[in-house]
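By written order: A, B, C and D. Residues from 1 in each chain.
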Amino acid sequence: MPLVAGIDCGSGFTKALLVAQDAPGETLRFAGKAQVRSGVNVDQAANAALDQALAGLSRSEIAYVAATGFGRYNLSSRDIAITEITSAARGSFFLLQRPGVVLDVGSQTTRAIAITHRGRVHSFKSSDKCAAGSGMFIARAARYLEVPLEQVGELSLKAAHPHAISSICAVLAESEIINHVSAGVSVEDILRGIHDSLADRAGAMLKRVGMNGELAFIGGVAHQQGMVRALEQRLKVKVSVPADCEFVCALGAALLGLQRLARRN
Amino acid sequence: MRIAVGVDVGSTQSKAVLMGDDGQGIKILSRALVDTGANVTRAAQSAFDQCCRNAGIPPQDVGFIVGTGYGRYKITFGNAQMTEISCHARGAHFLCPGTRTVIDMGGQDSKAISVGPSGEVLDFVMNDKCAAGTGRFLANAAEVMGISLDEIGPLSLRASHPVKIATVCTVFVESDILSYLAQGKRAEDIMGGVHLAIAKRTLSLARRLTIEPEITMTGGVARNTGMVQALETVLGQKLHVSPDAHFMGAVGAGLFALEKLGESFESSVWREHASSCRN
Amino acid sequence: MEMIERTFDSLGDLLQDLSFPTVRDWKREHPGARAVGFFPVYAPLELAHAAGMLPVLLNGAGDRLDIQHADSRFGSFICSIVKTTMEMAMTGHLDPFDALFFSSICDSARNLCFVIKRNFPQMYLDFVHLPHSTSETSVDFLAAEYRRIIAELERMGGLKVSDDSLRESISLYNQQRRLVRQLYELRAKSPYLLRTWESYVLIRSGNFLPVEEHIAILSSMLEVLPARPGKKRDSIRVVVEGAFCEQPPLELIRLLEAAGCDIVEDDLTLPQRWFSGDIPLTGDPVQALAESYVQNSVYSSVRHDFRHPRWQGLEEKIRATHADAVIFLIAKFCEPAYFDYVLFKKKVDELGLPHLLLEFEEKLFTFDRIRTEIETFVESLVFD
Amino acid sequence: MTEIHTNDYRGTIHQRQKDLMLDWYHRLDQASDGGDPPTVSMMISGNCVELLEGFGASPIYPEVNALQLAIRHQSLEPILAAEDLGYAADNCAYVKADIGCMLKGITPTGERIPKPTLVLCNFVGCNTYVKWFEHVAELTGAPLYVLDVPFLRGEEPTEADVAYVVRQLKEVVQLLEKLTGRKFDCERFRQAVSCSSEVEQLWSEIKHFSQCTPSPFDAYFDAITLMGPLYVYRARQEGVEFFRAALEELKQKAIARTGIYDEERFRLVMEGPPPYPYFRTFRDMFAKWKACAVASTYSTVGGLWEFGFRHDPDRPFESIAMHMLAQNVTNRNYLQRYEQIRRYVEEWKADAIIIHFVKSCRLFSAGQGDMRDYFTKQLGIPTLYIESDLEDPRYFAEAQTKNRIDAFFESLEHAKSASRQGRECARTA
């Protein structure tokens, strides 16, 4: 049975996800997924991710490749290129099975997306340069604070007196963190402060696209418990984080790929 | 012999320099360099201890300690503080007496300083909010490229067609770099472009002063050969780069500390700072 | 047909050339005559023309000039056109001009006028106060202001400006603006015959050309364009709003079209088409010019008129062109445009139209972020 | 670090000023039911508050509301509310705070602020005013009149300029008669104008006290606390009494040679508005160095009186027009501001200039780099350039700002001690 690959060529990581479907309407079968660091060569990263996802299966099984994400146009094996926002919407809709609002925090950009009842993008807002707040920003802070990235979420939950990061400029925000450190603020409080301010900025974007009571949180940062808590507390919303939250764009691309393939045959 | 120490607590690294004055002349007796990390006071302390050890001089023999850099007020054992602007000027004047202009790319700011004949600050300018162009700018660029900070300088020197970098906004330059990577541009050309962008940026910063030769570059970035060369190209003249460039703040602080010991320098800055940090 | 393409290319090159070749040529052919530069938006070109001078509309330096001196004068949070204009002055690019005129469009542009004046005392600089008022008295005031300018131009060595010579100039610019309006009509009716980046270079080149030459080019193009082969594409009709002063990179306009937008209305090159109709050739011409500014100038974010608010003007544009969407194209740090976005957005939401907000700077070398936004926007419209 | 400085910068006038401003807010609260007294939204810059007195109307100054809010550390919430509405990060934060307050019903004192009888945009040099008041009119539904004041292009206004403004002032009078149903009281108007000229005389004398060494007050931080009454009460008897008291208090200090510090170490000229959200923090950064502002451009936003201009009861409309056109810092061109600062340095005997760039206000800030260039390179006056904002707390980088200020004073110290040593050498030789 032919496989469809959704490949999300992000700036930080490249994710590949394989799906198959006998016929439109039939149940989907997930044939595998994998994630690798993007590095400088999009094709290399994509192939690596694809091979891991195939887990022994042959490349020839792949009938259609839908590329999304930052490097989508550089994926030579692509059949179609779709923006990560459209695929994020599609992927989330598949998981939610209803219209709603999605927050996608990637390593470079943060996006708020409102989805229609048919899984299309209704409206969206991307973070601009003067808005510190993406995966990369947290990663840097973590390194500076000498905290392994995977512990960030946990530590942030332990904060007693979150120390807000007020600056909007990422550069100044980094300086602010450094100055908090110089001022002797605890690592936990700084981390939670970062999550809080990220949540506030996300909130501003979400309001622009029309946020209702619920929120689907996707992207690698969604793994950070502290960030989820911050969103729930600051924005007073119910936050749901799908399993494999970092694969949602790849999934969306794969689903749209299936459609095109079906139309092609 | 009078012994004094200057401690420069920077955003990424803390440096300490132990200096001695035997009446014949002032000498740097030892240096120490540690990562600042999340505990500033500890970093400052260990830098201080290390450089005492390196010099084989017991801490109690140190007559006076001056702290500088962003963490200066966290130096619990310090006797006084000075800003790194005064210290870099002073240090540069000591190591390169002809210095009239200092260019320093620190982790948080980049600055240009006009220095008087006796090492005093005549005028200084620092980067605008929206044009950091600082050491961190380079560090982040290196990170996005997945290259170590020490490699980017030499790499940039191999650029044949440096890319155009429109912005000195650290956040946007990252996506610029990613786009260029996506376009398949060579790493050396991207780094070349980044270095050129900062060099030009720094030049226009320095232009706000009257740029007098000789020019001395201080701070950690001075170790980046690519940056030095890029600066020399846009400035159209050679830069002094002392092997102690990244200790310059600490050296300046050490010199102020020595002066304080000798009481040759009586200024209310001292009353101010000294009183402020005793209690 | 390749004559059309050739024209676009050569005019495109002209826009790229910061040495103002056409101005230098004109001055060579007219020994002793003066060239006068006007900063956007509402520039009374007619006055300079009637004084026998070459009026030129300044438009920044695009991405072709490194900011090396200007940011020592203008710091953070100041728009790009102010810095590039300052840079052009400080690097001698404005030398062909004998005088520069600025007007009361925004605070940065005004301060720029006086900062240049301090740095270049030998150059003639003047500041025109355009009324932010629709009170009857504002017409008399503006007429007096225009007369003050005329006197200055004459003192500068311009020809004596008579009612007749001014009327002649006005009628020339009326004609030019008429042709520009026809171009816009053609583009709105059949976008496939004339891309926006094409009409853009066609019109903007008029900034640097003697109006007589520009009229000739426009009319000859308007003759051949309708017969141009072109295929109707599946695309959305958008109104572009917000770039009335600083101009976006040409690449960005191309990007919008490549992503599937037919730009059926915009406020680009507004200085070329800022009267909704002809300026009457009867009566006192100075009064007529002033009257037209107060009564019949095209709305923009830098002109106050509450009798006919801008958001209402946008609605009329949308209805007239049957647009599917609005793209707000705003120059980074252009405060007037940011302010109007709020009330424009309110209006567009009322009309139930989708909109996209894009920020640009004169200098953009990579477009991936913007492209992703535009493509998603188009995708969300064509597939829904 | 521990703060050495303990001066709480208080005089009795500071308290009286508080009371006066609270009274004003209270009057506005009363006006909120029934529209009595009538209220007119106006801009501080070149305001024509005298005209309002002719109708017994109260001014509403959105700027004052905004800055009061910021000083009380309450500006961020309304700013964010406005940004949710679509205002950009790069819009003037004064406007965002004001709009945000209307949306959320926030006021500085908790008392109500009425829907204005008229939104009078006395546009003097600040294009943002026009936008601001257009939006206020849209939001409140109140009538808007833009009083277009031609920017000062030359040294003096042209006849056409004056005639144009006078004609508009008279249009405003007619409009207000229509809106308030009250007859314009020419006598009261004339009295208001003479009150103003008296207050302006007192204010000007006060501002000249800072020519003394030490200066009895800080002509930036303290002047700002006196500015409220200057704009709200200038044309009223309360204003006259307040400024008589202020003059008396400061005269005593001047005679007793009491400065604001035990020792006045530096005399500064301040350019640009202060960072209101960090007003005290910012002041302490200078207090630490015992640096006193002896003059400031910001305190001449509402009117430039220390150089002699007064309103004239015999030519009320013309003198108001002159005030709006030529006698406030915002409608004067950039080079005239250079000249104003130069005179301050000279006649108020200042050591240095501090330029505070505020992101929100391009009128003040666009070109301040050139200003620094002029003063350091052309006149050789030490000048510090720092950036933040007047209303938005997110743009104040405390550590950076402190660092630059400390470095600046360190260099001034060295210059001083160097010259001191120089003199000593000369003596010993």
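FYI, contacts are C-beta pairs under 8 Å (C-beta built on N, C-alpha and C of every residue); 3 or more make two chains touch, one makes a residue touch a chain.
Please read all numbers here as calculations on a predicted model, not as lab measurements.
Contact with subunit A and subunit B alike is made by C, D.
Comparing the CA-atom centres of all chains against that of subunit D, the greatest distance is found for A. Note: centroid distance subunit B to subunit D, computed from Cα atoms, is 39 Å. Taking each chain's centre as the average of its CA atoms, subunit B and subunit C sit 46 Å apart. Note: centroid distance subunit C to subunit D, computed from Cα atoms, is 36 Å.
Contacts with at least two other chains are made by residues 70, 73, 108, 128-130, 167, 175, 178, 182, 208 of subunit B. Contacts with at least two other chains are made by residues 71-72, 75-77, 368-369 of subunit C. Shared contact sites, meaning residues of subunit A that touch two or more other chains, fall at 70, 128, 130, 172, 175, 179, 182.
The touch graph of the protein chains shown is complete. On subunit C, the positions that touch subunit D within their shared complex are 71-78, 82, 104-108, 110-112, 114-115, 117-119, 126-127, 129, 131-133, 135, 137-138, 140-141, 144-145, 148, 302, 304, 306, 332-333, 335-336, 338-343, 345-346. If you check the complex, the residues on subunit C that touch subunit A are 354, 359, 368-369, 372-373, 375-376, 379-380, 383-384. Contacts from subunit A toward subunit D in the complex involve residues 128, 130-131, 166-168, 172, 175-176, 179, 182, 200, 204, 207-208. The residues of subunit B lying in touch with subunit D in their complex are 70, 73, 81-86, 108-109, 116, 118, 120-126, 128-129, 208-210, 265-269, 272, 275-277, 279. Considering their complex, residues 9, 11, 37-41, 70-71, 73-74, 107-108, 129-130, 132, 134, 136-137, 140, 143-146, 167, 169-172, 174-175, 178, 181-182, 184, 187 of subunit B touch subunit A.
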